[in-house]
Amino acid sequence: MNKLILGRYLPGDSIIYRLDPRGKFLITFYFIGIVFLANNVVSYGFLLLFVLFSVYISKINLGFFIKGLRPMLWLILFTVLLQLFFTPSNDPIWHWGIFTLSTDGMRIASYIFIRFVLIIFISTLLTLTTTPIEISDSIESILKPLKVIKFPVTQVALMLSIALRFVPLLIDETTKIMDAQRARGVDFGEGGLMHRIKSFVPILIPLFVSSFSIAYDLAIAMESRGYKDGEGRSKYRVLSWSRRDNIALAVMILITIILLFIRSY
Amino acid sequence: MENIISIKDVTYTYPESKVSAINKLSLDIHRNEWLSIVGKNGSGKSTLAKLIDGLIESESGRIIVDGQEVNEQNIWNIRSKIGIVFQNPDHQFVGATVEDDVAFGLENQGMPRDEMVKQVDEALAMVDMQEYKTRDPQSLSGGQKQRVAIAGVLATKPSIIIMDESTSMLDPNGRRTVLNLVKQLRKQQDMTIISITHDIEETELSERIVVLKSGEVVQEADPKSIYNMGSELIKYGLEEPFSNQVASLLRDELKLPKGYLNEEELIQNIWKLSSKM
Amino acid sequence: MEIIFKNVTHSYEANSPLEGLGLDDVSLTIHDKKFTAIVGKTGSGKSTLVRHINALLKPTSGSIMVGDREITSETNNKNLKPLRKNVGMVFQFPESQLFEDTVEKDIMFGPMNFGMSESDAKESARKMIKLVGLEEDYLDKSPFDLSGGQMRRVAIAGVLASNPETIILDEPTAGLDPVGRKEIMDLFKNLQEQGRTVILITHNMDDVANYAEEMVVIHDAKVVASGKPKDIFNDNKLLKNDILTLPRSAVFAQKLAQREFSFPQLPITISELTTEIKRQVHGD
């Protein structure tokens, strides 16, 4: 759990870190969209080059990105193998029962693999270089238009940032409670399914109790500091859009144009 | 002396509890005094702090803060005059970073950003935490988190600060820095400080001590008179001041003056006895 | 049981950019049936150290002998129950481990996990609740209806109920008022005098002076001193480097030492202090 949520942001400094999180957020989603425009070796190669270049200027070790693939490994393997052996073809290299291996299949499988790599690398780049609070700020900013339909954007954003703030605390609390119960003879992951489920009761109840007590304390502390209901608040954190963010967007448009050109080529 | 807080016949019982946490309690707190409220766990100290700030509502009696009665209507006004630093450093840190947390109270007031930036910097300077401005709470020690909490309170410029067992979860180092900070603030500006504690040694610098037991005020006097009670303090769940413990063990053989002696006075007296010999 | 740490190193998040040393080549013997205090600043590695004794953490290298049981990096997670039955652990703010709907069931939880019969566990719960200073009728209450101090006592009873030979205490009195603190500390001292090994992590040097027979000082993941409290509190090197603070009696003596008093060895308890003052005032 620790590695999934916390291992994400990696403190550092480079041009990618300094980009406005809203821009990074949009670019990431935009890029994931245009990945699906690629249709041949040159276009995939071009996108791969772009991603590797971004990784390079982020000054983050490539190892972190490869690690990012790991949780998705089974899904990637499954999809690639599916394409590799189940792509119908009139000209198979090898054929056995329902399995068919062909050059078409091999090509599509490698495209799919590259597509996974592109999407995972670019989103890893976002999470490694952007703090959770910056992401929550960007979401608030992007959702702002919803205020028109009375959607409580500021409250949701505050909720999100407080939730992010308390994740590490609750992880610590969970570890501590687990240790305490293990010391009292609980064996997690031993015995049948029912036994395993039951062994989590001594964790879950204390965790609920302490979450409620944290929530109560926090609510009291917030109220004592004058928090009413989120209306009439000003904002201390500001995001600043600068020239480099415009350049980043321009680069994305350029990439789209090149991609469209290569595609029809 | 002018009263900044006046509590009259206040009673409060927690839901689902049979006994009252605060029982017909009356107490006046003077403007710009440093008042300590002591008593053992469960004597009603923290409940009293919450009542004063209107965080919980009394069943009967009334509380006046700076000329205004604590009620639905005045509550936000009153809260802006009072800053509370709570016990658990982790449970009151709202912001994602130090500066965000300090700004929280100012954001609630709707203060323009330029002004906020100035106030946050000022408040962080007062608690000597400027260099930690962009750090996240996970990377701070307990004592540092409490200093940030104090900065968050100072930023809103309250006239009353309540320290609700703010040092009880800290290690000795953290406790020392927080206590020194309060002493220093006390010297620098006019404010009323209410410190709630069960550590008798933290009360030495206050002007008045109120002892609570079962939700009632059982003693109310200056520190010296309270310390004079000696071992009777144990009845209220408190420890005798260390110099008192030493003095009472010495009195069977040495002639020391009667009454409470602070550490310096005791050393002085022991020294006099030894040089006469 | 004697506990022996042999060159124990523990690194957190090994092979990651966040890698850090929790313990750095620690060798140490904790003697059987003694009261040992472990002191050191927050984050120095005290909690990491004691979590190795019941294999909640395993060493990255080195080994720990607990009685005749050896714990190394290879130690399997299976079959740790006999070890954990014998090493009871009271965590910081242990009240947060309570979860059953009655106090009795919560106290019985540990013993029954360790294979005690229901009737024996009930009997043990009855004994323990009294031992920690609560009335027997608390057994039927919900632990969540109790005050913080009472919950703390119930949690301690739950650890003691398995009748462990070694008891590890991680700041068991944090946040309690002075009277409650003394009661709890006296309880542990009693248990030790009845023949158990007690290991106490604390920041309170008066507790070390008053209760402990042995003392271990940890600094930056290393054991920098171990021995009798009196000797260690008189070790100028530790005091000068701000690794250790003194009990109040020793501080008082230091102040007297500036006024014609002399202490070849600083007294660490209040009775040592007052005896020495009387002796010097009377001039013998």
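Note that the chains are named A, B and C in the order they appear, and that numbering of residues resets to 1 at the start of each chain.
Note that a residue touches a chain if its C-beta (ideal position, glycine included) is under 8 Å from a C-beta of that chain, and two chains touch if they have at least 3 such contacts.
Here is each chain with its UniProt name: A = Energy-coupling factor transporter transmembrane protein EcfT; B = Energy-coupling factor transporter ATPase; C = Energy-coupling factor transporter ATP-binding protein EcfA2.
Please read all numbers here as calculations on a predicted model, not as lab measurements.
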Joint neighbours of subunit B and subunit A, given as chain labels: C
Between the pairs A-C and B-C, the one where more C-beta pairs touch: B-C
Of all other chains, the one whose Cα centre sits farthest from subunit C: A
Distance from subunit C to subunit A - Cα centre to Cα centre, in angstrom: 43
Intercentroid distance (Cα basis), subunit C paired with subunit B, Å: 30
Subunit C partner contacts - residues on subunit B that touch it in the complex: 40-42, 87, 141-142, 168-169, 171-174, 198-200, 234, 237-239, 242-243, 245-246, 249-250, 253-254, 263, 267, 270-271, 273-275, 277
Residue numbers on subunit C that touch subunit B, as the complex places them: 41-43, 147-149, 174-180, 203, 245, 248-249, 252, 255-256, 259-261, 270-271, 273-274, 277-278, 280-283
Subunit C residues within the subunit A interface of the complex: 16-18, 51, 54, 56, 77-78, 80-81, 84-85, 87-89, 91-92, 94, 96-99, 109-110, 113-114, 144, 158-159, 162
Subunit A contact footprint on subunit B (complex, rising order): 50, 53, 55, 76, 79-80, 82-84, 86, 88, 90-97, 99-100, 103-113, 116-117, 120, 137-138, 152-153, 156
Residues on subunit A engaged by subunit B in the complex (per definition of touch): 131-133, 161-162, 164-165, 168-169, 213-214, 217-218, 220-228, 232-238
